[in-house]
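Got some structures for you, see below.
Shared between the two complexes below is subunit A, which has subunit B as its partner in the first and subunit C in the second.
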Partner chain A sequence: MVAAPLPRTRHRRAFDILFRLGTYVALLLVIGPAAWILIGVVARAVPHWQWKVLTTPTHGTSGGLENAIIGTLVLMAGVFIIAGTIGVFAGIHLAELARPRRNGKESGGLLRTASDVLSGFPSIVLGYVGYVALVVGLHWGFSLLPALIILSIMVIPYIAKSTESALRQVPTGYREGAEALGMSTGYSLRKVVLKSALPGIVTGLLLALAIACGETAPLIYTAGWTDAVPNLQLTGSHGFAYLTYPIFTFYNQPGQQAHDLAYDAALILVVIVLILLVTSRIIVARTQRHADR
Partner chain B sequence: MKAIGGTAGDLPGAPPAKAMRRAPAARRIVDALRSSEEQLWRWTARVAVVLPLAALVFAITVLAIKAYPAIIVNGWSFLTGSSWTYGSSYGATVHTHGVAHPMGSSFGAWPLILGTIQTSAVAVVIALPISIGAAFALTERLPRWVSQPLGFAVELLAGFPSVIIGLWGILTFGPFLARHVYPHIADHMPDVPVLRYFRNPVGHGEGLLTAGIVLALMIVPIITATTRDLFGQIPPLPKEGGEALGMTDWEVARRISLRWVRSGIIGATVLGLGRALGETIAVVMITGSILHVAPNIYSPMTTIAATILTQLDGALTDGTGFAVATLAELALVLAVISVAVNLVARFIVKRSGRLGGPVGRA
Partner chain C sequence: MTPEEQPIKPSPPVEIASGPPSRALDPVLAALDPDRARPAHVMESKALKLSFGAKTILDDIEMRFTRGTITALIGPTGSGKSTFLRTLNRMNDKVVGFSHQGDVTLDNQSIWEPNQDLLTLRRRVGMLFQRPNPFPMSIGDNVVAGVKAHRIAKGKQLDVVAERRLREVGLWDAVKDRLGDSPFRLSGGQQQLLCLARALAVGPEVLLLDEPTSALDPISTEMVEGLVRELTPALTIIIVTHNLGQARRVSDGTMFFYDGKLIEHGTTSQMFDDPRCEQTQNYVTGRMG
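Here is the complex of A and B:
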C-alpha cells in the first residue's frame, strides 16, 4: 500500500501541521457562515421588532405577518398529518413488512430507489407539476390543497427514510422476544417495535417539518399569495399566505417597511426551525441516555 | 393464531376445562381482530410505500405530456441554442409540425444548462474539501464536549431555509465578497486563457461565483454529516496500526481513513451535487437572473431551476401556451438530470456497500 517513497521527515511534519490547521479552518468555514446568517437575521430584525407583526395581516408590502404565520402553521400541521402518516407507513413497510425475495435479495428495491430519487427531485419541478396538474389542470387555483399535496410529496421520502432507519435500529431480540411471547406480528409491531423506535421517528418528523416550513419554490407555484388571513378552505381560495413569500419578494421592494417585514419573517422562520431542531436534539439526547443504562 | 396474548386463563392452576371451553367465542373475535390487525398494517404500509413511486411517475408523465409540443418544435437545438424569445404576442400565430406558437419565438436553453453546471461545479469544488476537513476536525481532533455543539451548528446550517440563505447571500455576503475578496483575486489574475475568466469587472456580488459559494454552504452540511458518520464507523485498529508505523495524521487520513470511506463520500458528494442542481430560491436571489452565458466568473447569469421560477409570469402572456410548454420541457430536462445524478450516487454507494471497504481488501 505504501509503495511510493516517503518524502523527508521534516517536510512530512510541516505538511502534517498544515493539514491539522486546514481541518480547523474548514470547520471554521462551516460554522462561521452558520453563525453569521443566524446573527445577521437576529441583528437586523430585533431592533425594529414590534409584537403587532404577529397580529396584523399583510397589506401590500406593509402591515404585519399574521396571515403568513397562520398559513405556515396550517401547512406544517397538514404536512404533519398527510406526509407523517404516509411516510411513517412507507418506512414501516421498507423496514418491517417487505418480505425478502426468493432469490435472497432484499425486497422493496424499486420502491426504495423511487423514494430516494424523489427526495433528490428538484422542488421547483414538483412545484411546476403542481401548478400544471392541480392549480390549472383541476381548476383548484392557488390554494391550500395543491400546496399541501406538493409539500407532502416533497417530505414523504425524508420521513420514510428516517422511520426506516429508526426501525432498523430496534434490536432483533425485541421482535424475537415478542414472537416468543406469542404476539402476532401486528401486535408486536404496535406495542414493541414501534414503541422503541418512536424517538427516532419523531425526530425524523420534526426535521421534515423544518424542511417543509422553509420551502419557497414549490409554494410559489401552488399556494400563490394573498393578504387575507387563511381559512381552511381547501381549493379555490385565490391564494394562500406563507412565511417564506414575504422574504423572497419584499427584500428588493422599495420602502423600509417592506425590508423590515422580510427580516421579521426571516426571524420568525429561524425561531420555528430552531425550536424544531433543538427539540429533536433533546429527544435524541434523552433516548441515548436511556440506551446507555 | 393460538393462545395469543396470554391471560390468567392460559396459566396452569387457572379455571377448569369447562370454563376454558366457553371462552373461545369471545376470544375468536379478539383473534380475528388481531390477525386482521396485521393485514391492516400490511395493506396500509403497502399503499403508503407505493406513493413515492406513483408521485415520481405522475410528475414525469405530466411534464412529458405538457412538454410534448415544445419538444417537437424546439428539437435538439433546445439543448444547444442560446436565444430565448417569446416572439410577438400581437403578431400572427405560426404552426410548426402542427403546433401553434407566436411568430419569431425561439428557445435555446444552453446558457441555462451551462449556468446550472457552472454553479454546481463551483459549489462541489468548494464544498468537498471543506466538508472533509470539518468532518475530520469534528471526529478526530476535538473532544466530545466541543464537537457536539459544533455539530449542532452544521445541523443548523442544513436547517436554514434556502430563502434565508439567499437573503443573507444577496444583502450581506455578496456585497462583502465584492468589496473585500473579489478585487484581490481579480487584480492579480494574469491575462491567460483560463485565469482570464477571473479578471475584472467583479460587479456587486450578484452572480456566478457568489451563487456557487452560497450553494457550497448549502451542500456542506450534507457531505459533512455523511463523512462524519462514516469516519465514526472506521474501526480504530487500522488507524492505530498506521500511527504505529510512524505515519503522520495526514498520512493516516489520506492513506487509511479516506480510502476506507471513499465511496461513501463520493456518494454524498453526488447527492449534494443533485441538491445544488435543483436549488432554486437562493439561486434566483443571488445570480441576478440574466439569461446569457456569464462572460466572467463574477457576472450575473441564471440556471434551469431559477428560470423555471422567474419566467412563468412571462410565459403566461403567450396566448398559444407554447412558452408554458417550453418551461415544462425545461423542467423535464432538470428532472432527467437530477434523477440521473441521484441514480449514479445510489449506484456508487451501493456498489461497495455503505463503507468503502477496508484498504487492500480482496
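Here is the complex of A and C:
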C-alpha cells in the first residue's frame, strides 16, 4: 500500500511544476521575438531578392548594396582588430595584473571606472562627440577612421568586461598547477589560463562585433553615407557606406525600390550575424576539445 | 667521519631483507651516491614565523628534511600544515598580507634570497594538490607542460619524456592509445597520477604533496602510496595527510602540527608508538582530531 503524499510533498510538486512552466514561458519570450524578426525579414526580402544586389553599388535609393556590404565588413574587421586587441588586453589587465595590493586596495581602479563610464554613454552621444572632435575638429570629414574610432570606443568596455569575467572564472587549480610547475605568470596565462577562458572571450568579441555592425546612430555622425564603393582611405573620403544606413533611411523614402533595398540590407545583416555566430561556435568547439566540461 | 672519507672496499654480500638499502650504512652506495657532496638536509626551516596580515599562522617552526626521505605532516584541521607546505615553494608569497620571519633553505641557500630564481625553485620543489588539476589540454601535452615551459626538451624528445614519466607512474598502458584525448575523461585516481607524472617530468628534488589521496578511492590511494615509496631516495617527499594510517605506512619521519606550532617531530615509529607530548599521544590515538 502506498501512503498518500504528505501535504508538504504536494506543495513541493506544485512549486516544481510552476517553476518549470516559468522557465518555458521565459524561453518562449526570448525565442518568439527572435523568430518573428527573422521570419519577418526573410519573408519581406526573399520574394524580390536579386543576386545583383550584392555586386551593384547604391544609386540614390535604388541600385544594389555592394558599397554598404563592403563598408560594413571593413568596419567589422577594423573594430575586431582595434577594439579586440585593446579590449582583450584591458580585460587581462583587470583580471590578472590588477590583483589586490598589499594595502587591500585594488589597482586598476581607474581603468575599471573609465570602462564603466564609457559603457554607460548612449551611442548617439559618442557619435556626436566623434562628429564634433574628429569629423569637424580634425577636418577628417565623414570617413572610415572616425567611424572606427567611435565604434571601437563603444565596444571596448564590452570586450574588456567579458574577457575579465571569463578569466576570473578560470579554476584556481589551473593557475596553482601552473605556478607550482614553475611557469611564469605570462607563460601560464598564454598556455593554460587563456585557453580555458577562450569561450567567454570569443562570446564577448562576437557580441561586440554584432553591436558594431548593427549600430546606426554613431555611424550617421561619423561615417555619413556615400554611393561610392569604399576604399581603405582613412580620412577625407566624403562619406563611407554601411548596411544600417539603408535600413534606417530608405524605409522612410517613397518608392518600392527603396523599401526593397531596406529589407535586402536587413537580410544581409542577419546573415552576417549568423555567420559570425557559427564561426565563433566552431572556434570554441575546436579549442575546447580538452576542456573540463 | 663523513661518507666521502670512508675507504671504498667491497662490502660483504648482505641479504637485503626489506626496503631499499640505506646509503648511510653501505659505503659503496655512499660513494656512488650523486648527492654525497650535498648537504644531508635538503630543506631546512629555521625559526620560521609566518603571518597573513595581523594573524600569525605559523610560529617558530624548526625542522630539517633529510634528503631522500618521506616526511608526513599531520595535525588537526586549520593547524597550518598546508600553509607550511606551500611556504616551501613560495606559493604563499602572493597572499594578501603575507610576511615571514626566520628562514627556509634549500641546499643551505635561503629560498627568499634575491638571486634565488623563483621559477627554478619551483622546478626543484614540485607540488601535487589535493584535487587533481590537469590542464585543459591533451593527456600527452599535460605530462610535458612543465618540460616545455622550462625548455628542458623539445620536438621528438617530448614524446620520450611523456612515455617515460607515464610509465613511471604506471599510467602508460591505460593511456598510450589516447594521448591526444582530454584528461578529464580519466578517473580521479588516473588524473592524480597524470598530475604526478607532470610534476616529475621537470625533475624536482623535493616533492610536496598536500593530501594527495583524500579525493581518491582506496585502490588509487594504494597506488599513489606505492609510487611515493618508490620515488625515494631519488626524491625527498613531504606529505600532508589526515590519514594516520597513510602517514604510518609511507613516511620515515612525522611532524605533528597544532595551532600553528610544530609540537613534536621524530621518526614515524617513535611518533606513533612512543610520542613524548601528550597532545601528540592524543592525536595519534584518535582522541583529538
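Note that the second predicted complex is superposed on the first by the 235 of 293 C-alpha atoms of A that agree within 3 Å, B and C clash if a C-alpha of one lies under 4 Å from a C-alpha of the other, contacts with A are read in each partner's own complex, and residues count from 1 in each chain.
Definition applied: a contact is a pair of C-beta atoms (placed from the backbone, for glycine too) under 8 Å apart; a residue touches a chain by one contact, two chains touch by 3 or more.
No experiment lies behind these values; they were computed from the predicted model shown.
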| If you stack the two complexes on chain A, which partner ends up touching A:232: first (subunit B), second (subunit C), both, or neither? | neither
| Does the superposition put A:22 against subunit B (first), subunit C (second), both, or neither? | first
| said: In the superposed model, which partner reaches more residues of subunit A, subunit B or subunit C? | reply: B
| query | So, does A:121 touch the first partner subunit B, the second partner subunit C, both, or neither? | reply | first
| What is the contact status of A:181 with respect to subunit B (first) and subunit C (second): first, second, both, or neither? | both
| For A:133, is the partner it touches subunit B (first), subunit C (second), both, or none of the two (neither)? | first
| message | Counting contacts the way the document defines them, which residues of subunit A are shared by the two interfaces, the one with subunit B and the one with subunit C? | response | 181-184, 187
| List of subunit C residues in touch with subunit A within their complex | 89, 91, 94, 96-97, 118-123, 126-127, 129, 131, 133-138, 145-146, 148-150, 181-184, 195, 198-199, 202
| message | Under the definition above, what is the set of subunit B residues touching subunit A in their complex? | response | 1, 3-6, 34-35, 37-42, 44-53, 55-56, 58-59, 62-63, 66, 129-134, 136-138, 140-141, 150, 152-157, 159-168, 170-173, 217, 220-221, 224, 245, 248-251, 253, 255, 271, 274-275, 277-281, 284-285, 305, 308-309, 312, 324, 327-328, 331, 334-335, 338-339, 341-343, 345-346, 359-360
| query | What does subunit A use to touch subunit B in their complex? | reply | 1-2, 12-13, 15-16, 19-20, 22-27, 29-31, 33-38, 40-41, 85-90, 92-94, 96-98, 108, 110-111, 113-118, 120-126, 128-129, 131-133, 137, 153, 156-157, 160, 181-187, 189-190, 207, 210, 213-217, 220-221, 244, 247-248, 251, 262-263, 266, 269-270, 273-274, 276-277, 281
| task | Spell out the part of subunit A that touches subunit C in their complex, as residue ranges. | result | 99-100, 102, 104, 171, 173-174, 176-184, 187-188, 191-192, 195-196, 288-292
